[in-house]
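Mind looking over this structure? Questions follow.
By letter and in written order, the chains are A, B, C and D; residue numbering begins at 1 in each of them.
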């Protein structure tokens, strides 16, 4: 993660204190809400190294508040438990030793009940701190904003990790029942299977890139800098499951010429033949694991849970390419993208939805809040970027190698966490996130 | 595991049917009793490949009854859940595919509550079966006996796996509180630190080896055969923590000449410097993880949780050797060992206890029910051994390579499961079981 | 590797046919010359996965000529040996299956003598082809140019792989004796230990990037495209061993805050404490493995054999940064870099040399022919880049992920193979190449 | 390896000094003779961890003489090279640190020529030592005998390692040409395809086991001790390729019930479908790699290059079992086995040959000098065995775990190295030795 702009720019906090306290409560409640449909057993396991147990997420986000705010700004604060800093530090070398990441799934203790007690204890002390936030240094307010965005990042991880945990179980349990899902998603778009893709032009120019507005941003979205972008075209919608199925059925996973070398090796080593969560029945029907368990594949929905390699191979096959990060940001501004359409998290969908049948094919859709869109740009520092000192310097800067930038936010990203300049990043082989693609040329 | 003798010898079942039904209830209740002090989260994790989640043990033992008895002898029986055979088969190739052993710790579902329902469902049907057991073929009674011993084997694994799971947690939680333990172990022996070791002679002769009595035995304890044993001496008690500490403090873990080559490589690769569960504080005090958590090392108690390599290196250092399997069995008969002294499982000790101060040093103690004693004998078939056909043929025979025989039973072995001819077996590097040693020469 | 420009642009070959034939002979002779100081045993081994046996390089480059030219343009051509295509294909999926890369070091056959016969056979047929090259399609001439550059690439790999092979031997044999080296390097620069670093400014502008001139280039240097570059400064010389020693002695390898996360993990996993080939004697003296074996470290020579992680950590420590690929190319043109100063390959140095004491500190030195300079730019396609069809499409394009661009050429790069627009690429953890760094800010 | 008996029993050396000197020359010459058909490149590679480069064997056996004899008994002796002790120590912790076994195949230096110089240097000094052996302590003579047997052990390894090295090469080069082989093996038995197997009885009794005669033996063949053996039957000949083919064709490698659990896992992990060195052409013909390269499988020859798991699975399938070590030794004495028939090493066969068509089916053949016969006995110490002090204590004793005893000697065992009490030992998964089986019941 990255430093808030205000820590860099020393601007005044943009959000009033009481609003922050309210927002704090809402964000904290949302983390718990995500875990409530689970059983205690579900919150402990770690089926692969990328996935963390939900209980760990609940505790780690709480440790973050305790460490960054309470221990720094409340002199008399006593930590809830002396060992929790060891248990729930994620990767901050500056904050001491910690449990090996690979061992998170072996930690049955503290029990989930104790983690909820931990959350309540910290929330109570945070409420006191927030009540007198105006008396504290400005850095405290900035760290509160950072903590909220940090917790929202983990909410997305909670969604994707829970999905992975449940999906790997041979029983393939759903996260919600069909009835629960239906009660939440009354506004789900209708089927849009025949919504065609078209190319929309974006003019070339020198464009400013990076966070230019009021409000919170991570340090990796700064500094604002100019980039020369040549004219290009972008598709009006994400690539769909139906599109991707054509790639599969034409033998896309068996033809090396579409693939980057490391991707081709991976596909063969892992035996990949389709995106994550897809499976094929004995009679050839494609199923897909989703919020209620296994269900028939919806060809109109955006393809998701694909690696960069699969996204790039699809683009090669389709005669297009992935956009660069700068192209994506320029296009998002050009087409007036806003976060208003997203927020599937609260509907419990945890799956990108198809466009409505009456969407305008001359408009650019789905830029924010459906899938993280792979770009062919490295997660490297913007020109002039400086890592912060101390623990916050480990939030974003140390990850700036061997990863690719993804843009746009997904159906699992909290709505208030989505913004146009947000730089998400993953290694090219990862597919447990809601990752999709949009063609450029 | 091994076939019951009766399946081999077609002898009549030794235990009356109603007694069997009662015993069934007691054994099944004991498995649950072992798990009751745990939280649901504790029952899911698998900190290494040898350890299985407690929930898995509860379900697997139940699957055994369902598969071996109910599906075979109750025509109208309907399985509790169609996927459980896949989830809870341990290693029976003849019974179909199954979850990879390494993935047992990723399975949060079925939840513990469902596993309890599964147990109740099977117990109900088993009660009906047991009520009319006399009407069924004799093989059914024999399989009931086998199932009971199978479940008792898993009770010992439950004890050792729970110990391992809790011990690896940085919080080092105890299985019981000190008060709970005290309430169970009123009869715990007093301190016996000064109880000396002495050598007891056993005459050479041709001896019969193997299960020769009435009652249940696994197929690997048969056939009875004769072995020529030369005269030897055995120590009157197990090697103690205090004895082993001398080995450590004299540099035993740093001197290759005491070690088998593969043991020496292992010690260095793993950085072993003491038995499992020992740790040393900054000021040099030795602690040991036990039923209530970390506690000072008791020098008078038998050393346990050591690998064969450590047992053998200790023997080399001490100028003795490990007994062979035949020597151990001959000595146990010679000294009149009985299982009466064991049964720590019900006291909740889960740790071998020292001899009382007034024990007779001219007698041989602790042969049954304190520690599994490593022998320097391979777990190979007895002359004339034949694997059974079908799934039962996979119980014991297929493991007869690269493992060593251990004899005697431990503090975690159910009392009615201990017998003089019992052949336990583990690989030379394992130490999460209650494994100790007794010197021969 | 990349396609020659001419294959893309259909320009006429820039080099006359007879000159090509002469150049062919010279290039082929140089590959053999590099191996001549070795023993047959040296040509077989593969001490790690990146390193290929010298015998393999000699055969693979020959296979390339056979496959790309003789089999395509000489109808009656008979391959030297039917199995060699399997043995000596490097990574071309389009050209069939091949020996696993990890097994190259197990192949004692064909013997070195047969590989020399293979070279002679192919050279003889190539001489005939080159004699009538004018009669063949233009693509043949272009493929000859490509083959020459391909062989020169492998000459650099021969140099670096031989160095690695000899260095890992506990006997640390030199590649040359001191006398042999002296006879070759009469013109070696004098000691330049006190040559100071200074910053040289480069103005910002929109600059064209990529191969814009006559002559050969790989396809990855194209298309020419414009990039907006902000004003920046570059150091006048490479970072030296003496500079780097200060980083080491100040604890640079022990302080996480200078390191990218994946680099920090690597440093600790591998126990890195200095660049590759450095070692420290018991009394603290730093030695370095070079062309004649171990020798005292020369503080004035450029540091080489460092990973991207070490280059970046040094830059963080020194308060600078690595340049981008575009900055480097713009600076090289701005400062008028030419390849004239390089060519250490023929002197047998295989080590970058210090600047002469009378070098002008206001000039930018060492841009070409000393060390490959790590940039903080990904090896991604230039805008508009298209992979070629067929085997040549696998030369460069499929590697465009997870690697970083290095610029400038090294002391092991053949002089005629160095050019300003050349994009070399390696993974961030690699250090067996002559890789160094130059600071920007 | 094991201590010579004389070191244990302080008996007088059985061989006169001048005869020893002659034998020394013959043995040393044989090691070189084995390597002479190879190219220098062949002597360097190590295609898997069990296999050592031939050059290493030549140097290691020389290091043994230097270390055990010359450095101990020749005060003024100067080692040939100070680093060779590091390079060519195999596994003696008491003799200092050494090259990691996995890295033996990366050591191109010292070159083969230097190793020959090393051999000549040591042979010259050994000649002087042997000339005055009578003046030295008796231990010197005993160590000479040990050294000779040590070198003969490595001759067998040279044969098996060379076979493996050449066989893994895609060119499948032969060790000898067909003409060279023919010139050596004039006395090769004729085809014996129809020679039937029959069962020969051996009476039960108490038998002495271990080395009971004059002459050299390793310490692991001692002490002589008595074993009670029940009556059993043994087959008159080894299992043949033809026999084993029936197992394969009946689906033996696909049916778990014949296999030990660890063997079944291995078979599936490695994809084994036949013994090592067997391959099947597209039209179903079985080939086998032998001394002249690939050749049609000879169904009459003993099956070799099988693991213990394959031997045991075959026995299970065939309704027999493997003999124990004691049974084998008792039978060999009972049937009057001598080493006279072996010695294929000098004929260059490196492959067990079929029995002649006129062999007597009522006799027991092939007990010595065809295949090492897997027994179902652990390589554990005989009762009363004591490891020697010092480096010799590492020769045999430290390997006495997790390996099985093989008896009889193979076609690659030097004739004077074969004896009836010899205990060879390998892990159950190994198959690069000449390992076969004979059924018992």
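The rule we apply is simple: a residue touches a chain if its C-beta (ideal position, glycine included) is under 8 Å from a C-beta of that chain, and two chains touch if they have at least 3 such contacts.
If you want to know which protein each chain is, UniProt gives these names: A, B, C, D = Ergothioneine biosynthesis protein EgtB.
Please read these numbers as outputs of a predicted model, since none were measured by experiment.
Contacts with chain C and chain D are shared by no chain at all. Ranked by how far their CA centres sit from the centre of chain D, the chains are topped by A.
For the copy pair chain B and chain C, the superposing rotation over Cα atoms measures out at 180 degrees to the nearest 5. Chain centres here are Cα means. That of chain B falls 61 Å from that of chain C. Rounded to whole angstrom units, the spacing between the C-alpha centres of chain A and chain B is 47. Measuring from the averaged C-alpha position of chain B to that of chain D gives a distance of 39 Å. Shared interface positions of chain C, defined as residues touching 2 or more other chains, are absent.
The complete set of chain-chain contacts reads A-B, A-C, B-D, C-D.
Taken together, the chain B residues at the contact with chain D in this complex read 91, 93-94, 206, 225-228, 230, 256-257, 259-264, 308-309, 312, 316, 376-378, 380-381, 383, 387, 393-394, 398-402, 428.
Touching chain C in their complex are the following residues of chain D: 39-47, 55, 83, 86-87, 99, 103, 105-112, 165-166, 168-171, 173.
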